[in-house]
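Chain lettering (A, B, C and D) follows the sequence in which the chains are written, and residue indices restart at 1 in each chain.
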Amino acid sequence: MSPSESRLRDLISDVCPSAVWREELGTAKLSIARSDWVEAHRALKSRFPFFSWLSAIDWAAEVAVGDAPEMEEGEQMVERFEVLSRISDVSDGDGLILSTDVPKEDACVDSLTGVYAGADWHEREAAEMFGIDFIGHPNLVGLYLPDGFVGHPLRKSYALLSREVKPWPGDVDVEPREGDG
Amino acid sequence: MARLPGFGLLEGMWVTLRNLLHRPPTVMYPKDKVVPPARARGVIALDAEACTVCMLCARECPDWCIYIEGHKEQQPPAEPGGRERSRSVLDRFDIDYALCMYCGICVEVCPFDALFWSPEAEYSEGSIADLLHNQQRLGEWLKTVPEPPLLES
Amino acid sequence: MIFDGFWVLLGVKLLALTVVVIGGSLVIIYAELKVGAHMQNRVGPYYAGVRWGWAQPLADAVKFLQKEDLVPADADTKVFKAAPMVSLMGTMAVFVIVPFSPKLIVRDLDLGIFYALAASSLGTLAMLMAGWSSANKFSLMGGLRAAAQLIAYELPMVLAVVGVVIQAGTLSMVQIVDAQVALGLPYVIGGQAVGFFIFVTASLAELSRTPFDMPIAESELVSGYMTEYSGIRFTMFYLAEYAGLFAAAAIASTLFLGGYHFPGLDVEVWGPFVLLAKVGALAFLMIWFRWTWPRLREDQLQSFAWRWLVPLALANIVVTAVLKVAL
Amino acid sequence: MSSGGGRVLHSEARVSVELQTPEMTLNIGPQHPSTHGVLRLVAKVDGERIDSVEPVVGYMHRGYEKLAEVRTYPQVTALLNRIDWTAGLANEVPFIIAAERLMGVEAPPRAQYLRIMLTEMFRISAHLLFLSSYPLELGASTPLMYALREREHVLDLIEGVTGGRFHPNFNRIGGVKPAAGGGKGQRTVVQDLPEGFLEGTRRAMAKVSAVCDDMEALVRGNEIFQQRTKGVGIIPAEKALEYGVSGPNLRGSGVRFDLRKVEAHLPYDRFDFEIPVGENGDCFDRYVVRLEEIRQAARIVVQAVDGIPDGPLRAKVPRVIKVPKGECYVRAENPKGEMGYYLVSTGGRGPYRVKIRSASFSNISVLPWLLEGVLVPDIIAILGSLDFVLGDVDR
């Protein structure tokens, strides 16, 4: 149920020619350059009035939490934040995810509060969890974490304290059963 | 609804009056109790003989609330003249119900039918430390494990 | 000279009155708990007392009495301590003129109902005192709401009573009952139905019971002006509320339902039981309202009083006066 | 206020001077009887009228998105039904379907029917909870008892099938939980429907419809309730869309949109049910939409009970689950609104990143705009009508 490609293509191409459009497993994703971020949303707002959510992914090779991403031999992980926003319409339910890559050194992107008022809280959460700065946001204060919290928890480099403190009950040295991985 | 204004108020009063005459469905707890369904996840029972200390449940538990210690023992060979067989025996098997979230992954992942669910749920304690059930107490719960319910035809 | 008949008689009467009022309030509390529970498909009090949990109000009273009586740190202690007493005394004072039977009455004042309405307005003062002195924002709001509401509903209540007084031609309670006996019909049928409706609605608001329980709106103000009270002071407020309900039901049944009179029953013997039966019926009605309806917002509540009840009461007075003269 | 002819009478001039009272800051919550959990509203109050409200959230923040990155897939599903704890299984379904899509696995028809049946049962349970708590906030405590009495029947049925009343943990990648355990004997204990479940469900759905009629008479028809809720807390449709308000709150504002009719993650197209829609988006319409949704959900459950196909409960899936690389966003119609999971997998035993789109987060982000110039008791009426749960807000 991806939006009809042709109508969407010309809607996007005049606004941001560099847009790369990919549709996989029923999820339509549009990668945009950082500079066209707000323009793309303004162009699409008439077609997709419903602001669903905005968040980010921290792409990192080594991770302090969970399993490291498996790399094919040649592929090299580009260290970056990927800011995603999801907008959809409320007639036949088409939806679209817009994403833009933000380098980790100057992690900042324009704020969408001018286009979608609902982006306010989402951007505050993303700023607090990843340390991304949203330029033009009315009051970019923390949302969830207690005031005076140091660090950005959702970054892959941020270890989960509760798992450091307590020893893992599973690593007792009884020889593993033969079949177990 | 073009009804005269007070009518809605009276309709509501009729509902409460009607319920005044019904017997309340309250179950007076200490006297008579509600029997939970057979598949209810109340407490985990341990069959120590079946356990081979494979540590799968302790590894798969999301809350890290199963603590196991075991040692190896030599057992006489199955048939005479055969090789000495070594068997791991449980020393300690504790489940900390203060941390457990009753997800049932341990019961599901155990390959040797050592863990069972029992709908028993009246084991609240005065102090939180008593919620750490040791191996002997987990064995006692085995008696309360019900027969699996008959299935829909 | 102190011990000649009058003072001793007054002392005995007041003692008897206190026993009757406290007893009546406890019965109404039990009725509210039990009837309200069954209306909600619950069992209500069960274990207190041997069966049916009849001793629940006594158990509550004892529990509250042995609770610690806290006074907030920066509260205005004298006013804080006095508020519940004023509230209870204000309610008890109303019973002076309630006639259980022609002779069974503390003092049949010829001012009768006028005195009762004056005494019952003391409750407003107590709520304001409690709200202000608890030094807690929510209590303050509860107290202000209570004051605004009680004043707004004092007027329709008085005007409704004026209707009865015109028809009966007297203020004294016993003579009002005699007038209804002479008419052969209790006033609720004999010409004062509108008055009865206004009086019951207004007394619901006076007691701040649903649908007018904004001052003790649990979901917003925790429990309004009573939030900071505990122990014996809270018991006084709690008792005052139900004594107030007893008083309102007693006055309403005397004015509109013919008081201790019931055709065919001897007034001397059956008088009190007839009155208590009518009080029970009205109390059941008020309990029924509470467990069925939500509460009004206080600006709706105010506009309901000023824009509906007061004009209605005035019209009622005019009609009664015209009929009084015409017949 | 001035009378005819524009000439301000002396008497009126004096009255129209606005009495300047100092502004009072009122803290509603985080411990407050009607904020549905630990939400704190810092309200600047002038008398009883609100100037501005600033919701403070985060008291219930458990960091689900971080926890998901540390856990394997079965462990994550055990966590997810605790996000919106009134709608247990409805939280797990979109995440499981996202993982199934990445693995290219399709749940067997019987499992899909079971998922629909249990999701609708949880919708009934969540909305019955709303039917009981909302009138309570407006002062009527009786509906609570009737609604919860019927809700017990629904929860008992859910506990009979899944073993848990609130946290069923019944979904697995590839279907629903096939057997009690992995060992020799436990694998034969199949977790299919217990005996008497279908008949019990029909009786329960009849009771649920009966309680809806009681609510119709007791609350919806009640003039006092109508006065307290009609025209209060109006959310216009485009404001709702811009803030991402979804579910019954959006439909209350007149937008006819229900994900069950649009999304293809579960065979809802085989069931016929209507979408109740309100007209002017006030508290009353949101209440009526949810009341109607219970009846529609009961209809779906009865149709599911009649038409449930036979067959296996779970498709062939390797014992140790490794989801291949890829990204996928699946959303579903949760009782509170649109619940979606953006699942990013890089091949490990657990997800690399899970963005949880919870409905209540956006539903209450509209509060600062909505509560300006509102009376204090109306705050409670509006908060209650949005029907949010703090676990959903804070994740």
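The rule we apply is simple: a contact is a pair of C-beta atoms (placed from the backbone, for glycine too) under 8 Å apart; a residue touches a chain by one contact, two chains touch by 3 or more.
Since this is a predicted model, take the numbers as computed values, not measurements.
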item: Chain whose mean Cα position lies farthest from subunit D; value: C
item: Gap in Å, rounded to a whole number, between the CA centres of subunit B and subunit A; value: 39
item: Chain centre separation in whole Å, for subunit C relative to subunit B (CA means); value: 54
item: Distance from the mean Cα position of subunit D to that of subunit A, given in whole angstrom; value: 24
item: Euclidean distance of C-alpha centroids - subunit C vs subunit D, Å; value: 43
item: Multi-chain contact sites of subunit D, meaning residues that touch two or more partners; value: 71, 142, 146, 149, 218-219, 222, 224
item: Of all residues in subunit A, the ones touching two or more other chains; value: none
item: Sequence positions of subunit C contacting 2 or more other chains; value: 39-42, 291-293
item: Chains that touch, pairwise; value: A-B, A-D, B-C, B-D, C-D
item: Sites on subunit B touched by subunit D in the complex; value: 1, 5-9, 11-12, 14-16, 19, 25, 36-41, 50, 60, 62, 101-105, 107-117, 148-153
item: Contacting residues of subunit B [partner subunit A, same complex]; value: 52-56, 58-59, 61, 64-70, 72, 88, 111
item: Subunit B to subunit C touching residues, read off their complex; value: 9, 12-13, 15-17, 19-20, 22, 24-26, 28
item: Of subunit D, residues touching subunit C in the complex; value: 24, 26, 33-34, 48, 135-142, 144-146, 149, 218-219, 222, 224-225, 227-228, 375-380
item: Residues on subunit C engaged by subunit D in the complex (per definition of touch); value: 39-42, 137, 141, 210-211, 213-214, 217-220, 222, 291-300
